[in-house]
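Dropping the structures in below, format is structure tokens.
Two complexes are shown next, each including chain A; its partner changes from chain B in the first to chain C in the second.
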Partner chain A sequence: MDAQLQILSEFSSSHHWMWLWPEIVLAALALALLAVELLLPKSDRWLLRISLGAQVAVFAALIAGLVGGTLPTSDVALFAGAIQPTLSGHLMRIFFVGCSILVCFLGYLYLERRPLARAEYYHLVMIVTAAMMLLAQITHFVAFFVALETVTIGFYILVAYGRNSSYSLEAGLKYMIMGGFSSGLLLFGIVLLYGAAGSPTLIGPAGDPFQFGQLGAVIAENPGNPLIVIGALLVIVGICFKIGSFPFQYWIPDVYQGAPTPTTAFLAVSSKSMGFYLLYVLLTGPFLGLQSILVPVIGIMTYCTIAFGNIAALGQNNVKRVIGMSGVAHAGILLVGILAAMRGVDWAFQAIFFYLITYALASFAVFGVMCHVAPDEDANQEREHYFGLMQNHPFLGGVLAVGLGSLAGIPPLAGFVAKAAIIVAAFQAKLYLLVAFVLVGVVVSIFYYFGWLRAAVTNPHPEIQGEPHPVVAPSVGSRALLAVLALASVVLGLYQGGLLS
Partner chain B sequence: MNDLSSLLSLILLTPLVGAGLIWLLGNKRGNLAAGISVLVAGVIMVASLFLLYAQWGGEPYHVAMPWLELQPFRLDLGFYLNGVSALMLFVVSFVGFWIHLFSLGYMADDSRKARFFGGLSIFMFSMLGIVLAENLFMLFIFWELVGFSSYILIGHYLKTQEAASASQKAFIVNRVGDFGFLLGIILTFWTFGTTSLPELAQHHSGATTAMALLLFCGVLGKSAQMPLHVWLPDAMAGPTPISALIHAATMVAAGVFLLARTYFLFDETALTVVGWVGTITALCAAIWAFAQNDIKKVLAYSTLSQLGYMVAAFGFGTLYGLTQGEGHGHGHAVWYGLGAAMFHLTTHAFFKALLFLGSGSVIHACHHEQDIWKMGGLFKKMPLTGLTFLIGTLALSGIPFLAGFFSKDAILFVTKEACFPAFIILTGTAVMTATYMGRLFYIAFLGKPRSEHAEHAHESPWTMVLPLVVLAVFSIAGGYFAQLPIYPAAVNEFLGQAVPHPSEDAEMTMLIISLIASLGGLALAFVIWNPKSERDALAAKARPIWALSRSKFCFDEVYMFYVNQIQARVAGILDTLDSLIISGVGTRVVPGGIFGGLGMFFRRLHTGNATAYVWWFFGGVILFFAVATRGFTSLF
Partner chain C sequence: MVTDWLFYFFAALTVIAGFLVALSRSPVNAAMNMILSFIGIAGLFVLLETFFLAVLQILVYAGAIVVLFLFIIMLIDPERLPKPHKLSTIGSALVAAGLTAGWFAVLQAPTVALPTKVAAESFTGGRAPAATARVFGEVLFSQYLLPFEVAGFLLLIAMLGVIVISKHYRPATTRKEGGSV
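== the complex of A and B ==
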């Protein structure tokens, strides 16, 4: 008996399966959903209830753990160095579950009106979320690539989910081609790093060059090695594809427009946040030794991304494309936070994380309204569809106003505080020119956000624009959810409750 | 002390809750919205009076909680109650309530009541925010909010082109001033590391003239001082209660309030500039008032002129206090400027709100006729309105022993001591004030009705007359803070300390000057404009003077020239570029948005097919590498 315990405890000393319970629960539940659908084919609402209920339970348990302080903050690496529990990674896990809940709900709103398979949507969202949660803690490139591909392949399907829409299929194909290409580059970069860092010709070659810590030690010793530089750049290119920063943003307008609205939200919030967290982990971790090369590159990329996103969003009329291009601009501002982190501002992660939260709250509020206003062809959501929204559906109009206001950074909404935090961090990192550039970008962004809002406030003239666009009246559930999102954007603007300290 | 902060929070948040309720419930129910709004104004007034009479003893009260804390940067939300803000709180809540009550009658038949009363509640929230704000950033946020609510309310009669363009003009002109104001706040923060008013009051060494003048830019816009005065007369296109509340009694006075809040940042140079800007505004606006035939426009120019008085009072009064005021006996000499300015602000709020509401009552009775040459004989038709309007006229003219006399007296006294030429101008302006007000009263209220509507005018309902009577009482008694308990004790005490008094022998001189100026002006008006005349005597007999007054010194024309000829052309060029680059090329071929010249090239390649995307992606990677390795030199 003792011997068995001994073996068990040794086994568990490295392989803390219990630590991964949220991912395991989500994955198991995703499989269970398929079974439920198989056994009870007409259980539409139950699918939503099961997936939402279980995810809310996971979310609540994680939050409770965080508040109760029971999370293992140990720096002990699990699974032989593949997984490293950290506070920031844990926060991102909670963030991903929260987003997943909202995506599932938007998915329900979308699927309710369309003859598409139900269970598979929730299934895929949960699998992808589980993989993202893993990614937030992984410190080993093999596990990293596998988890990243799980996310990416899930997204290929989710983007093309609207099989009855040619836009959705086209977007899926484009996303797959571009995604495959970027994954290839990423993998190539990993291989180069592996080859270089394991080479005995370098100073202090690593035993396991896939492991972030060991790789970082090698890079710190050999920052000028061409293979290492190329490898690191390729890995960064692969991640920049995910966040859609310039010059890797080509896919964004087409894919955002074509994908079903909930998938667009999932891409815009979860996938982008994941990319930023990975970038943060890599740039302040293993790639720290390449600072002198990477800071200027990321710096120039930031300028271009802010300029490009804002200018391109100005000319868009399709609101999904507006969200897409403005998302590029937001990526630029987040890159400013990453730069501040690279230059040693110790609280930059808080600023980035807070920005991600406010961005998620505001985006989901806006996407929630979009789901109600969207016409049958989900890809054709024009600004004109919003005429008269404020008068005919003051609730949806109000939520849209709060969401767009927060995205634009109007005080006292949460988006303002988030932008202010990033700007202060950049100021402390002495990125003065970049601060000025961000401010100009913010002013420009007000134009296109308010252009959208103006459409909602404008009352259409029936003789000119025809009858107002039909809008699905929100149910009690979606009213409650949207109200919570809008309220959170207001409350977080007034009180941050320690999120920034 | 905790009671005080919760009471202040109640005062500040009640109107916001009211506006929220109106938005949720009253959107289609105008009467409900009106009820909520008036109730809210009542709660504010009762709570403010309770606070000032029973809770607050006169000690400066300061409470703040951090809103945004980012290491060296900190933004606080909080309240700062001292003599200045207590007086302002009294004015805003008290005058505000009576104007709300008046609106109930005036707007009874309006089709968009909910919007109007919702806007009023938003305004009350924003204005109280300015009054109570603890630091300049918070003040600025509410400053912008009052601008926004003013914009909404000026444009209430959306159907008229006049209202739409007036609201835009007000908005744009105020942005010009606010830009300077914001720079001033940033400079203040940069210099002192804080914008908290009580903290600044204690450590203000290092304040510069530039800082003070940048802050003063905000006053130029909000209080419509020259050269940013052009928006205020046009703003009269809004409903009359709005003109009374926002564009006479409270919001436009916020600039003066700001000066009083930050008086310690002003040095002698800045004070001289401030004083002269106010003096010139007072003079010019009084000249322009002569050629106006719209009853509200006359009052609007009069408001401009009186705001000029307040600003001049602040400038010269503080200058006097700084340079020669020590040893003159009672109170705090550096407070003379803000004391005189705030005192005039208070009495002006009473009598100008009274005059505007009186004009509203007249306009209401004459079926929205605003031309004084189509009125006449209204004193007999509307005795209460006529009587209260007369009291307002006399108070504004500075007839001794009414409220306006005392405050104007204080201003003239400090100006005489600090800057004699300005004193001469302001005394001359006082004569003109009495003259144009006399003209207005004689023509509109005396003589015979000159139109059908005036013929059939009759007294307004009680909701409109009661506010007139209350405000008339205060227009008479508002000056006797030393003798009567007109204001809460703490406010009385503050006024006693801050308002400058001429010494015994100078007092007689000042009294005589005021008497001659006011009575002389009224008499002069009677000589020129006989109440029985049908046409404007000034326009007929002294055409050049009338034309000069009518021209308003061509400020509008110069601005329009600038906007049309210069700004519009630049905007036109930008627009062409915009449609060429951003809209034309940028929508489909996004890279073209930045690389204008490359745009066309990109468009040919960028057919929307995935192969092209892959090539672009690949190009991006190369670009990325080129930047990373400075053209690959560091690699090989």
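== the complex of A and C ==
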């Protein structure tokens, strides 16, 4: 056996497939779903039960593993340098499974009323989630790109899933063109980094420049190399398309409006959180040596994102576009957390993670209500549809109020604590001007969130309004789920447990 | 140096054909230019002594994929695209020229060039990872096994997506009797 085969067999023995059991279980059950639909006709109810049951089981097992301390973490990267299990990675995995459960449930509410394929929706959501969970641990650009593309391609399909609606197809096309463009930029950046960091003309060239650790060592030695700087910037631009920060937010309103509501929720919560975690991993890992260039770039982007998101959300009347634009503003606040992490605030990740949790809880509560209020044409969800919601459906109205209040950051709801945590982190990082800017943004955001809430509370005269907009009465299952989401938003505002420490 | 001139030839072929893909008014011409561009890339692979990739480039991309493109183009029979506005042509040309100039400026800039050690051997024993089918296979199924598996799922959901989006659904299966989950 020659020396090279020796190296390769060492690579093979570093593949600890058992450590990836949650991803493998999700992927296998996603395949099983297709088989179930093929072999058992009229299995609609079972499809949802299988997908929800599997994900709840994985979710519970991961939480049990985290609490019991049995989830493995490693100081070295496994899978030939591709995977490194860390505590923050495990937290994000749990987060993604949790979101996926909620998306599947919203998907059920959406598909129930429409003549579309069912099994494939759950299948795609589960595969995309498994890829996201993998991404949360990846430390190698080849695996990174393949997993990210799996997520992106899954989203192209999920966005265009409402094939009977021209809005959905238009959104799918727009998202595919924008996504293809951003993937191209990301890949170009990766290739530049590979070429620069592997070049023997640099100090200490890397043997495997795709590997984050080795790449980081090269970047720390050669922070001024123009190819490395351009490569890193292109990678960041590619990820910023995913989180929708200014100036890469222009796809958001149309895609959020046209996509089926559960897909919009998936995009708004999981896809955005994934982008932020990747940004966090890259900026505090391999790109740490480029701080002097990247901190100002991301700083300017943060100001623009907060300003643009809040101003653009003011003029929207379609509630999906409001959510999209306010999501841009939330991305700006999360970028503040990323900046704090870059400037060495060691608990910035906890602040970001807590923010993501509260954002997910509040967003899914709001999206859950939207699924019930949505008209047959899913894209036309106007603010007027919410007139009289509080009086006619007090439960949905109450959940909407809690969700919007938490998104706006009204004490004592969870969103307030999350915003406060980010602001404290930014204060510790001495980003005083940015703190002031965030506060102004939060005040502006109250205006459009409460504009929506006002529509739900007001009850215009029947002669002006005509018939009230038909609302699907929530079933027992969705009542329970929405109640849990709203309750969690309240409880996390009063008691954070160990999440912020 | 013959290889240098060959490099310039194939590089020019790749870039010029690539431009023509974007500039062609007729989709068939664009696809044909794409074949030329792929052949240029295959030539570059040969110059890098990665013959296996060169063959794959011709077989898979220039052969199978572009032929598929042509099938689809001829199936939907699109019209020739209208000429773009003069201003946008000039604007795009200026942006492209600016980016190219900036790119060359970056490449010319004095970079940190202090050769300390040559790391070529640390690349899988001095051989390019995709030089032959054998090396390619060995690396693919050891070092890159995880991305390879994920790519399988990527292709699966892409195929599934085509079916889901292109299939017609009869509204007869719309409403199930209500009830909770």
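FYI, the second predicted complex is superposed on the first by the 488 of 501 C-alpha atoms of A that agree within 3 Å, B and C clash if a C-alpha of one lies under 4 Å from a C-alpha of the other, contacts with A are read in each partner's own complex, and residues count from 1 in each chain.
By our rule, a contact is a pair of C-beta atoms (placed from the backbone, for glycine too) under 8 Å apart; a residue touches a chain by one contact, two chains touch by 3 or more.
What you see is a predicted model; the values in this text were computed from it and never measured.
S.K.: If you stack the two complexes on chain A, which partner ends up touching A:116: first (chain B), second (chain C), both, or neither?
M.R.: So A:116 only meets chain C here.
S.K.: Between chain B (first) and chain C (second), which, if any, makes contact with A:230: first, second, both or neither?
M.R.: Both chain B and chain C are touched by A:230.
S.K.: Of the partners chain B and chain C, which touch A:421 in the superposed model: first, second, both, neither?
M.R.: It touches chain B, and chain C stays clear.
S.K.: According to the stated criteria, A:247 is in contact with first (chain B), second (chain C), both, or neither; which is it?
M.R.: It touches chain B, and chain C stays clear.
S.K.: Just to be sure I read the superposition right, which of the two partners does A:446 touch: chain B = first, chain C = second, or both, or neither?
M.R.: neither
S.K.: State whether chain B or chain C is in contact with more residues of chain A in the superposed arrangement.
M.R.: Of chain B and chain C, the partner in contact with more residues of chain A is C.
S.K.: Does the superposition put A:79 against chain B (first), chain C (second), both, or neither?
M.R.: It touches chain C, and chain B stays clear.
S.K.: Where does A:316 make contact in the superposed view: on chain B (first), on chain C (second), on both, or on neither?
M.R.: first
S.K.: Starting from the residues of chain A touching chain B, keep only those that also touch chain C in the other complex, and list them.
M.R.: Residues 224, 226, 230 of chain A touch both chain B and chain C.
S.K.: Could you please specify the touching residues of chain C with respect to chain A in the complex?
M.R.: 106, 109, 111-120, 122-125, 127, 138-139, 141-147, 150-151, 153-154, 156-158, 160-161, 163-165, 167, 169-176, 178-181
S.K.: State the interface residues of chain A toward chain C in the complex, per the touch definition above.
M.R.: 2-5, 7-9, 11-12, 15, 27, 44-45, 48-49, 52, 79-80, 82-83, 105, 108, 112-117, 120, 123-124, 127-128, 130-131, 134, 142-143, 146-147, 149-150, 153-154, 156-157, 160-161, 163-164, 169, 172, 198, 200-207, 222, 224-227, 230, 475-478
S.K.: For chain B, which residues are in contact with chain A within the complex?
M.R.: Touch list, chain B to chain A: 23-24, 27, 67-71, 73, 77, 141, 582-583, 586-587, 590-591, 593-594, 608, 610, 613-614, 616-621, 623-625, 627-629, 634-636.
S.K.: Sort out for me which residues of chain A touch chain B in the complex.
M.R.: 173-174, 177-178, 181-182, 185, 224, 226, 229-230, 233-234, 237, 241, 246-251, 253-254, 293-294, 296-297, 300-301, 304, 307-308, 311-312, 314-317, 325, 347, 394, 398, 411-412, 417, 420-421, 424-425, 428, 494-496, 500-501
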